[in-house]
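Reading through the structure tokens given below for one structure.
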């Protein structure tokens, strides 16, 4: 029961009444993770969530990262995302296993393998300094098999820069809008496109930006429909969700 | 240029270089709204955003609501959502035009017409008192042509209530998780399903819930991937976004 | 020493050394206000600040308002602004002295007289519900002798509504941008025009708008140069400052 | 009057009326502490509170720690907890007196001696990075004579990890739930067990976790009965209280 | 499997390996609640949590309260706590079923029956205005079978009032300290007794008490060991937890 | 269309109806910026905003600064302001192009050229430690061709220092009031002068100044008319706006 | 031991070693209050604090107020302050005992008797709407036997009003500065006088005054030495403290 | 007019009408400070405020400190307090002029001279880590000629430590209560003594102490009359105010 197809079959037999939910839960829970002592590696996540493997690097030693990523690699995982890994740790990890590392968003991709390049996700930023967070979103989405178009430095204080790229924006299946300071980019983009917009407030700014709080509140209060928000600086979360949306299957009956 | 097909054709000719973006912008902007004095009714929104018409009732007089909705109805709009409309106002509006009114979420649907019932959106709540916000989400999604399954009062302090409905949750194309107080529902649901989860914090609670702030922060910090957040009590926004996601077209050609 | 000319002469003689600052201060302070017991009516303010008379109505009884305004009127003041005066109080005041009253911004103009209509101030709002604050700004500016152009309901979630009035915006000598929720209007306008922009956050909104805090922070963090902010809902302050800027004298030597 | 038995006898004679409360207070207060100049060592605390000795290391020099701990050790104290002591200080202290040091929670145990291992306290964490705080709780409880079971990395975003250890949880006399980010662990655990749950928010997280505030508010708003909260990162306080509860005497004799 | 004994037997057989945790979970989940449409009445809670039934009255109509309480009463529940029920609702409920109602804490006890009066819980308040919250705690604890001693109006600004009742405080098995404003009562009590102290901040106060935030922060920062905190005004939660602690079984048999 | 005159002519032809706004927008948008990859250099800003060129140094590498400033310099720009540039970066930039650098406000002026010294802007500070922010404002205004008078260390706790310079204050066309701590300077100055006052809160202070929040709130709540506020420490924004106001053309011709 | 003299004698004998502190404490605690059931009337407070009797009216019923005040009156207390008593309650109280009532500060003085009028306390306000809080301070101080001079409506936005009363200010032994909004009055006054200044922030204001928080922070950050702050709207506390300071005995004998 | 006597004479002649306030103001303002360019040294402060000279060291270079202190010393000032001066700066200053330096509160006393030791100020702290702030208060008061008694480490979690020093507390003319964390010391002390209590919140603590905010709010909400608060960590301000109060002249002659 190691791929999404099998699990879907099981759930459909639940839906049809052939299997009880309790029975399904039991099958689900057999051997779902490997216990490394310092972490429980969850091999079922990609079954339950249909996604690439992710390893949160923050607060883990290089040794722990190597241990977990290796266990994943041995099970055949490819394109394993390692978030918030500092350059020093990356060097150690790269000695132990194949690693593609991006220093600005501090993102690693272990056991890189072939990827698809599906659909179209646009990642837009208000300014140049929002780029590290935007890159975390863009690289995450690319590692999960999506085509990504970058629209950087198109903040609303120079609206013509955004408007001159209207065609790019309007062709997106999903937009990730990354901005600090007043966070107005999400509202403006949300009013222009007809696809879901994921807003990412960044901690870029000074004064009364309060570490991203200003942009966060601004984005939550966006008047544009179809907009939702992730945590401050959470480029990974935005990229992951954008991938989910971009890769939605069509409605058979529609 | 009054339906989505035409506008897509135009944008594809932009993509192919046959039309410049500036030219497209100009075509776009011809006669986009009707000026009623107190409001600019935007008939192009459903072109640009592919969505049902929405009329924000908050802060508008019954007369203004009637004026705007009538103008929309005359242009052929059906299932026009009117948000945050008090019961008194609804009575006046119902005298002037066909209206379906839901008092708990204070939501009206003017000029109700036939709707599709596509896909599957699950709306779940932590408690009974989150129901008005959840109904705003569910009714919005239904008015926009989606099939909605309600899972109310499945908060995490009684986890077995949620687990016994696991089959319903796992069959969703999109989940709207509505909760006040500690807002843990979004995290738990987000860890169980493999589809986008839209978290809606509610202002339900007392003490240190601070009008929904506690649930909002909790949901923003959710460790579960694929989760994003809308504003406190913004059931409409969640239902609208859930509809967008549920009705995504498949990726056939890419 | 009752008009601005005299006071300027005095100050120039200070600048030239003919009068010491201390001497000027003394002249300044002779008979500057009338003590009504419950308030000190300041007849020198229009000397020192070159502005119409203003009477803050909040927290004053109708009797106090009548007393103060009458004292001003007897000294020859015209177009006396009375801010935040409820309709009930206005009725009482209107019985005692000539009054022009605007219920939505709760603004009165006592002893209305002839006014000029100088320059060009644009007052723009994001939505319909920002209108009361905007009207406080616009009526204040008009009472102080300025020409005002209103651009209401041009919020950034429907950008084409704003862009279609670009000519109006760009002809302004000063813009007052009034918006609640995410407050993005100030940034967008600030990037489009080359005159000072005064941003007024409004307490309109719900959820995480926190009574205008979201719009306030957003506006303070605006990336657009030339933008400054007044207090939440302070339409009067914005109109007053806009008048000051609009009526600046040219630089003799430039 | 140096052990708990004597003090209980005294208080019972108060309850029976043989001794007045004032008299008891006087007996209580004779020679309760030793004045070292920079600190007042309180030898009565373990009488009044029935607990192991604790020495708050934060803001004390190694010399001060050695002085206080030595004074305690000379009075016969064993298993003296020293909280928040940096590794450098620990090295100096270890040169002067017998010390067991745990670097991750920065916790020392001076004059380690034999301990009991009573009852059953479960310490659970949401993630790997909550471990230092959890270890402070667990080691505190162990030093005070309790049996502790650790359940680490069982956060609610992977609910099956928690459910698969349900037997461990349900056998606890008291649970310490340690979590950062959205802090949902306390609610979920609180709904599953029928013993007191002590929630410890941690400052782990980023973005809108605001140094533990998000987890703190979430835990305070927990819908589960039987849950209370200690300060952010206060593993010591949680372990101390858990020990108090675990070692409650039965009601039979009261 | 309807009483605590049976469930304990089951869990012991889990502990001994005779039953798997998964099997236990399944047995657990059979028929755990009755679905009334608007609420899921949870008859297993008292199995899982070993506590009296509780019905959160806030946000429920009198009809819903009657429906849920009647269903409980028919299953034999007695002393059902109904929290935050307004006097009007109480009158309607009292017409439909036996009800004991306390207006100041807005607490009802449906189907009142015989209770034990075990152990000793002290409920102390800083001032007279903290009494409603304190009564919610005291009545909750009494309904759950505990003996409660009230110490009201013993705030720290008149320390002698507290000290003169030291004997009462020191005989408690658990203290609930209820205080608004600066919340210092919890710290002072926590330093005097050697049993768990549950601190309840109240929203009593004005100015910079910010609806209980001041007392909440103060209590969280208490320097006294053995103290934990529940939500602002959460008298019920404190009484419930105090009952759990007071009724702990002794360790002899474990 | 490279200077302000041409653009004004265009807009007047819009006003007269000879050109449509849409047409004007198109002319506007031709070749407005140069794309350097990491930034879009905006050569139209000085057309639209009539101001000196500004380059936000924060978050840019010295190489990026050199690249952008050189592109500007080659187009003939002079007196290019570079904000928030650290001393190290300044040294590298100074090796590549002509640069005047001010270390305390971390402000650079690239390609310095001749400037006018028009009108009169007064920059006042509450204390000595507000000087870096004040210098950012003063140097910005000077680089943009304004005459600036500095009034430093005239805080309200020593009122006579401010009053003894009343003549300087009252001769200003615009005052920039820079203060941290309680920020009272803006109110006092605003009550004394009859020109616009731009308040700049600074992050100077300790304790409950909360990084400038105290001064910010104080300034927003100023009772003096004609006062507006920019972001904490935003000396540049204040200087820029002061220049706009100081250089307003007179109304004679409008 | 019912007057201050006796207690001083006792404490001096403590100081001289003739009495132990413990003994003194015991004497202190004999019969210090009368228990009315709902309140503990504290007859020792005026011994320990040397002040007039005070009865906090907030949250007490008229019956409770009458009960407590009567008990005090019977013991010979005169000029008993009753704070925050609504007009309705005052009418009931006035029927039962001699009462002087001031509706604007909601302050009652029960059993009014002869008073001294010592020293000189100045109570100043920024605006007219700060008067209720100021009157609470002034009447409190007068009831406690002090001479009070009122300086109302002397806010810093019209500095000449304050300066023209400089002689009054400088003759004070203690100043109470009452202000809302930006709270600058305390700083300006603190810089002018050489006596203690007690700052009282008021909740007067709107927008970002946040219920007095802005004025509170401003006053805490005052740069003027000799200034301290009481809670928002706490006129009573300021008047009480001002009386203490005004009535300090001279240092002759020390 | 260089000492307090002369200025008092002047003011009395104002009070008697022999001199007008305006005239007094003029005399006041002649040569009040020396302009060093970077600072205005205010020689009149000790006239207006009757206090020792103070020099805020924060944000000043050693050279500036030497310059200002030397100018003061040359005018005959002795015991000049220099606050918040780092050890490095102190070493440089000590090379240039006579300096007594206290490293823990970072306080210097330049040109130390003979001092009186009047009255009795008690400085109390909750814990050992509050000592640096307490020492700033104590040394400030001593430098200004007051006798100071230190009561350190008497926090309320060990109430007997405080009660055993009750005699010291009750003999004070003014108490400075310094505490972090929950700040309860001020309330407890305020209820015990009958003299003014100045509360100083400290930034000592962790978790939800939020840099002193918890203690600040707690102290502002103190129920004890006669208590006021200064800024977080503002030991200097408390010592200064305590000196003012301690040295109040008696009322005999007024």
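To keep things simple, chains are lettered A, B, C, D, E, F, G and H as they appear, and every chain counts its residues starting from 1.
In the analysis below, a contact is a pair of C-beta atoms (placed from the backbone, for glycine too) under 8 Å apart; a residue touches a chain by one contact, two chains touch by 3 or more.
For clarity, every value in this text was computed on a predicted model and none was experimentally measured.
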item	value
Pair in C-G, A-C or A-B that repeats F-H, with over half of contact pairs matching by residue number	C-G
Interface residue identity across copies subunit A, subunit C - same or different by half	same
Between subunit H and subunit D, distance of the C-alpha-averaged centres to the nearest whole Å	39
Cα-centroid distance, subunit C relative to subunit F, in whole angstrom	23
Interface hub residues of subunit A, defined as touching at least two other chains	29, 127, 158, 163-164, 191-192, 207-209, 213, 216, 220-221, 225, 231-232
Sites on subunit D touched by subunit A in the complex	127-129, 153-154, 158, 160-161, 163-164, 204, 206-209
Complex interface listing, subunit D residues touching subunit B	126-127, 155-159, 180-184, 187-188, 190-192, 205, 207-210, 213-215, 217-224
Interface residues, subunit F side, partner subunit A - complex	28-29, 32-33, 38-40, 42, 44-45, 58-60, 64, 201, 203, 212-213, 216, 231-234
Residues of subunit F that touch subunit C when the two form their complex	4, 11, 14-15, 21, 24-25, 48-51, 54, 116, 118-119, 163-167, 170-171, 173, 191-196, 198, 216, 220-221, 225-232, 236-238, 240-241, 244-252, 254
